[in-house]
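For clarity, chains are labelled A, B, C, D and E in written order, and residue numbers in each chain start from 1.
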């Protein structure tokens, strides 16, 4: 049974390690380049960058999936809201061409292809640039994918950028295809909210999983503290802290959007963004609780080990303290002196046994009184 | 006696676990739905949703208990203040109908039926939406019920929402039925305060119970640290931290109400809301003290275990250090060498006893001086 | 000597427990009552509530001690400043009558008789309500009395409320009786400051006592860490934290008064109130230092116990490590094999002693090099 | 060598104790007196209070050292800037006369002679009152003098107050005597800055010394953790925390001056005061680093002791675990049973030795694999 | 293998010590001098101070490297932007002459040559003074150079100051030499940004190295906690804390620049400075994570040692507890009493072996059940 739970811990730990990837990708940006030169920072991929365009309005929805920027720009009409979903950030030229056709500042262009960019909101006269972190369970459900998700709100166009394809936004697409949905009736700012809300909703899915792990761990530690290795607790704590740091910057982003400083967001959408802010606060609240729980777990582990050591110590002390004088006495009468009067006494041996028993009883009584046994 | 107190701790711990339910209810909201679609999040119940309507004024009080929204809306008169108490949130259609008849925003409707919504105040032009956490001792007095309590203040109507029936608001009802009470003379904003005050007052009832538990625990730990298991201390700390997190958001809510930004709250009511804020601050102050006490308890426990181990260690060391050389000497003269001149000496055996006694006395004196005994 | 200091610690601890009373008085307010109904919260007393009225001005001072509210109100003249000192809060009717005659809001009336009210300043159009905590050494000088002290500044009248008689304000009275004192020349706002200053000055008296205790403790711990029980350190820490929480809210009160928002405080008095604020900040600074010292004391205690354990451990290890092989060797030659050639060798016994000595010296040298001895 | 470093620590500790005096001077202010009565709080001295007056301007410098206030006031001319340096605060009458001649508020007068006054800036219409803490190495270079330094800036007069003579301001005097120096060209506000800058510069001298001590300590702990007493580390931490608390309030003072709210400070001087603020921030930064280092040192000490204990434990365990079975076997063949067939076997004794060797080798191999040795 | 990793740790530690130099350079400023006198604080060097001047514009670039201030000032034209790079700060006169020719305030002149100046932004009417910390890997790639980098933006001139030559700004020079680069098209404010951006970019290079070390360490500790010395962990923590303190002040500097209060920074440059602020925030975020990781590492180390000790303790206890009674029994029958009936019994010896085996099995079973083995 003990062996079983040891294995359980090992599995748990390996799961944890997969859960939130903590490996840093070294910053591959060549320092000699001007900082507003577009350089893709992140894993290089060979697949082509995909563009999914959806031109929609109360009257209809036109969709196009392409890999050509020209096709995409030609497809879009200026009158109705359009969502351009860019999947893949490694083709710097293509993305540069797309962004230049909308007159985006070079620094923003560089930020779009930098997959290590911190979450932020940059408000310009003509457009709004938002970077958020996207957390989603990976395909086999044991790990978590952490990517950047950035978007540009340009009046009637919303361009979103993501590194790899994800099913996260499928429900948003579904609602867009439904002609009675609010998404169809509203502009790009509402769509932006719907997408960010989908992102934040997935924080909860991830947090729920981690919360379950922490609880499973808590139960494990409470149940069998003796033979436990502190490694998994350390890993858990690091994971939870890492998660907290991943989610925390979302607060600033949501707060900036909810303040509604940008003219591109209509007043009717502000209430939705304030709701988004509430959700982000809730997510951060959960991570803070997780941090506290993980820290508390470690403290408890230390206390449990200390307590265990204390108990073991007491047993050792009692045994040693009882047997040391007895063995000494036995040693005495094992000596080979020629003149040891006790050795010849008939009742000496049984008497010594009596002494042994009395000594033991007295010591046990003392230990009992001191509550060592 | 020791056994008794061990049992006491076990009972205490099981009580603690019941006190504040820490199990997360998984968020059952289907992620594919639009976030402003009303979905009941929480335990599904089969009982019907109850509406209790009280239309009151200085001149009279008319009451109605119904399960039909139509009856409820028909019963209410626009001229006098009305309190609609909704008990049960699982019938989304019914609540939706009620809220739509007052023109409430879909997002607020969704928040009303989401029992995991964080406490907040949302101020709109025509209405004020308040979510608070309701903590109350449960029926058998050992645990705590934690629910959301939300209310909508719409000029002359106050709609309150709660998940399960509670006796918490009975005193408010009683005062409403008393025709000379201030509640009857004042509008819905005063009633809102009276209800929120009842909610906050019950925080103190719960906190009082927990404070008593912490004190009982503190006494227990001070009294018998030797054989104590760190588990209950860990659980206590987790509970108190959880409680703190439950109550903390009330501060923002009370502060927002006391600022009186909403036009729906009359100036005469503001002093009452400021008083509410004072009470909330007091409650949070208490939870912070509890947090500190619980953390301190753990530290003390660790110190006590360390100290205990130190004492046990010293006894072990003294015993071993005294008996090891004595036993060695006894071993020497137990050897069977043919040529051991001491063995033939007449006074050798009593002389050795002398050596034993002297050695023991000297070592005891050393330990005494080093304050090990 | 050891026994003596153990007793010293015991006395110290019992003193500490008395110093700041940490027992909560359960909130006796019946939850069914409206929150603005006056209910006395606190110890019920049987003595009558005393009113001491002092009507003063540059030209004279008229005093009256009575138990009748009517007499008190009749005695007071509207032209000159008057101080009404109410001692005892348990007679709700009497205090209610007094306050109603000055048109005080019901909520403030309820706060006056609530002895568990947190310190605060409430500014109204016609009056200013201040609640402060009063800390004073008790009659036998070993404990501390903690009470609320509240006051109402109503233009030309200052009403102060305290639970039990205290000599704290005697110097203020003395100055009022001196016809050349500033108190006589100034109005009620100056008197309010004089009273609050007397309250804060007594914080320092209490803090001075506690500071002395902490220092005495620090010296005790530094001197004899071996046989010390962590209980008193835990108690000391709890006491100091409790004290900090008692004094901390005074900061907000003093700050609010020093800002001088109320029209009832003349500009000439503001400089005095700013001085009061300085004093409060100083008092809080001292409690924060005490907190740090108490926390540091605990850390040091743990370090000292660890260090002690380490030393004891090393002695045990050295002794065991030296005697175990020696005893083993002695055991070898105590065996009764018929064919043990060494036993017959003449110089075997002294040679073995040589081995014993060499072994011991070598091991001592090793321990010396490893700095275990 | 070990003994030597023990002595080094002892010296270090005694130095540390002297470094920053932590003894509280009990507040000797009689509580019955009005708080704005001037009472000297601090050590009573018998020497006379000295006044050094310097009336200066671009054209010349006139100096006077006197003990008479009348002489001092008569000497000063209203047209040119004058610095009155008051050394010694115990003669309340003399200082009161001086301050009254400049129309200083009684509360400020009381603050001047209170040597326990916290650092602060009080801005009045006609004058500015500044209190700072003065830290300077004492005459024998091992300890630190901590005093209050307060000053009054009254348009064309600067009065400074200090408890005891110090050479701290000699460089400022020297620059004042140099007719081409900026001090001579500028007014009292510039002089005020020069003096405060001299005060803050001496913080760095003290901090430099303490920083050296901390580094020396760090090296000592890293080198020889085994036999170290945690006392000095505790003392060091307390000292550093105390120092931090002494210097911290200077931030508020410097910030208030740098904001330049007072009309008595010319705009040209503001840049100097902002520089002063930078220096104070730097000093506080250093104390914060020292706090962290001291706290880290304690943590490291605990870790080192733990590690040490672990190593000692392993050695003890290995020895005991090897010799316990061997000794048991030797004990077996030391028994006196008449029928023990092994005893008669010729090769039994060497065979047993073989068993001893094999057992030992196997156990050593196991410990090696478990990395205990 | 164990020995190998011990060596690995030793190398790691020595690397760490070199990484961030923590030795304080004592402040060599003579305290008797006026604080606005220029005094070089830092290492004295003998090489001449170098000035590199680059006068550039869209039309061309003129460069000059000289050691003469006069040449430099003569070379610069007022119409086009000019960058004067000053390398070496020890020649106070030369730098003073240069700064006076631009009318820089004496205090700023003093700050320029003070290499211990804290990072800050000082905004004047005609110029902007910025101090930043420059972190760069040193020539052999194992350590880090920490210097101050200050700059003065004076409308059409940018003067930068650095202590020693560095290749950090080579890419900026390269872009300046490229006639189509943005640097050439823009003014000095853009160049200032480019330089500060190069500085901040190098923070990441250093942080990346340290992050790698921390991860390497984390892996090492997880792998082999038994024989590890806490020294390197302590050093690592100190290093990381030191690094955090070095980088932290950059936040205030970047924030002040991004606010764009100075009229010398054009609006078009503000977006670049806001990007700089983002980068600084990111760098600080990383150092905070490193702090947390280092602190967590120490906690984990302590937990691992505790756990280890617990395990060792249990083995010791089991062994001692099994062998103590057995050895005692063997001792009994080694006694030389004449009347010990058991000794003559034929099956006594094998029976005793039976007792030995049964005792051992029972005790092993007990330990197994208690999960000590």
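Descriptive notes on the structure:
By definition in this document, a contact is a pair of C-beta atoms (placed from the backbone, for glycine too) under 8 Å apart; a residue touches a chain by one contact, two chains touch by 3 or more.
Nothing here was measured: the structure is a model prediction, and the numbers come from that model.
Comparing the contact residues of chain B and chain C by number shows a mostly separate set, under half of all numbers used being common to the two copies.
Between the two copies, chain D and chain E, the Cα superposition rotates by 70°, quoted to the nearest 5. Each chain gets one centre point, the mean of its Cα atoms, and the points for chain A and chain E are 26 Å apart. One simple way to say how far apart two chains are is to compare their mean CA positions; for chain A and chain D this gives 42 Å. Residue positions 302, 306, 309, 313, 316, 320, 324, 327, 331, 334-336, 340 of chain D each touch two or more of the other chains.
Taken as a graph of touching chains, this assembly forms a single closed ring in which every chain touches exactly two others.
Chain contact summary for the complex, chain B toward chain C: residues 170-171, 174-175, 181-183, 194, 197-198, 201-202, 204-205, 208, 211, 215, 222, 271-272, 274-275, 278, 281-282, 285, 289, 292-293, 296, 299-300, 302-304, 306-307, 309-310, 313-314, 316-317, 320-321, 324-325, 327-328, 331-332, 334-340, 371-372.
Taken together, the chain E residues at the contact with chain D in this complex read 2, 24, 26-27, 31-36, 105, 107, 111, 117-118, 120, 122, 224, 226-231, 233-234, 237-238, 241-242, 245, 298, 301-302, 305-306, 308-309, 312-313, 315-316, 319-320, 323-324, 326-327, 330-331, 333-336, 340, 342-349, 352.
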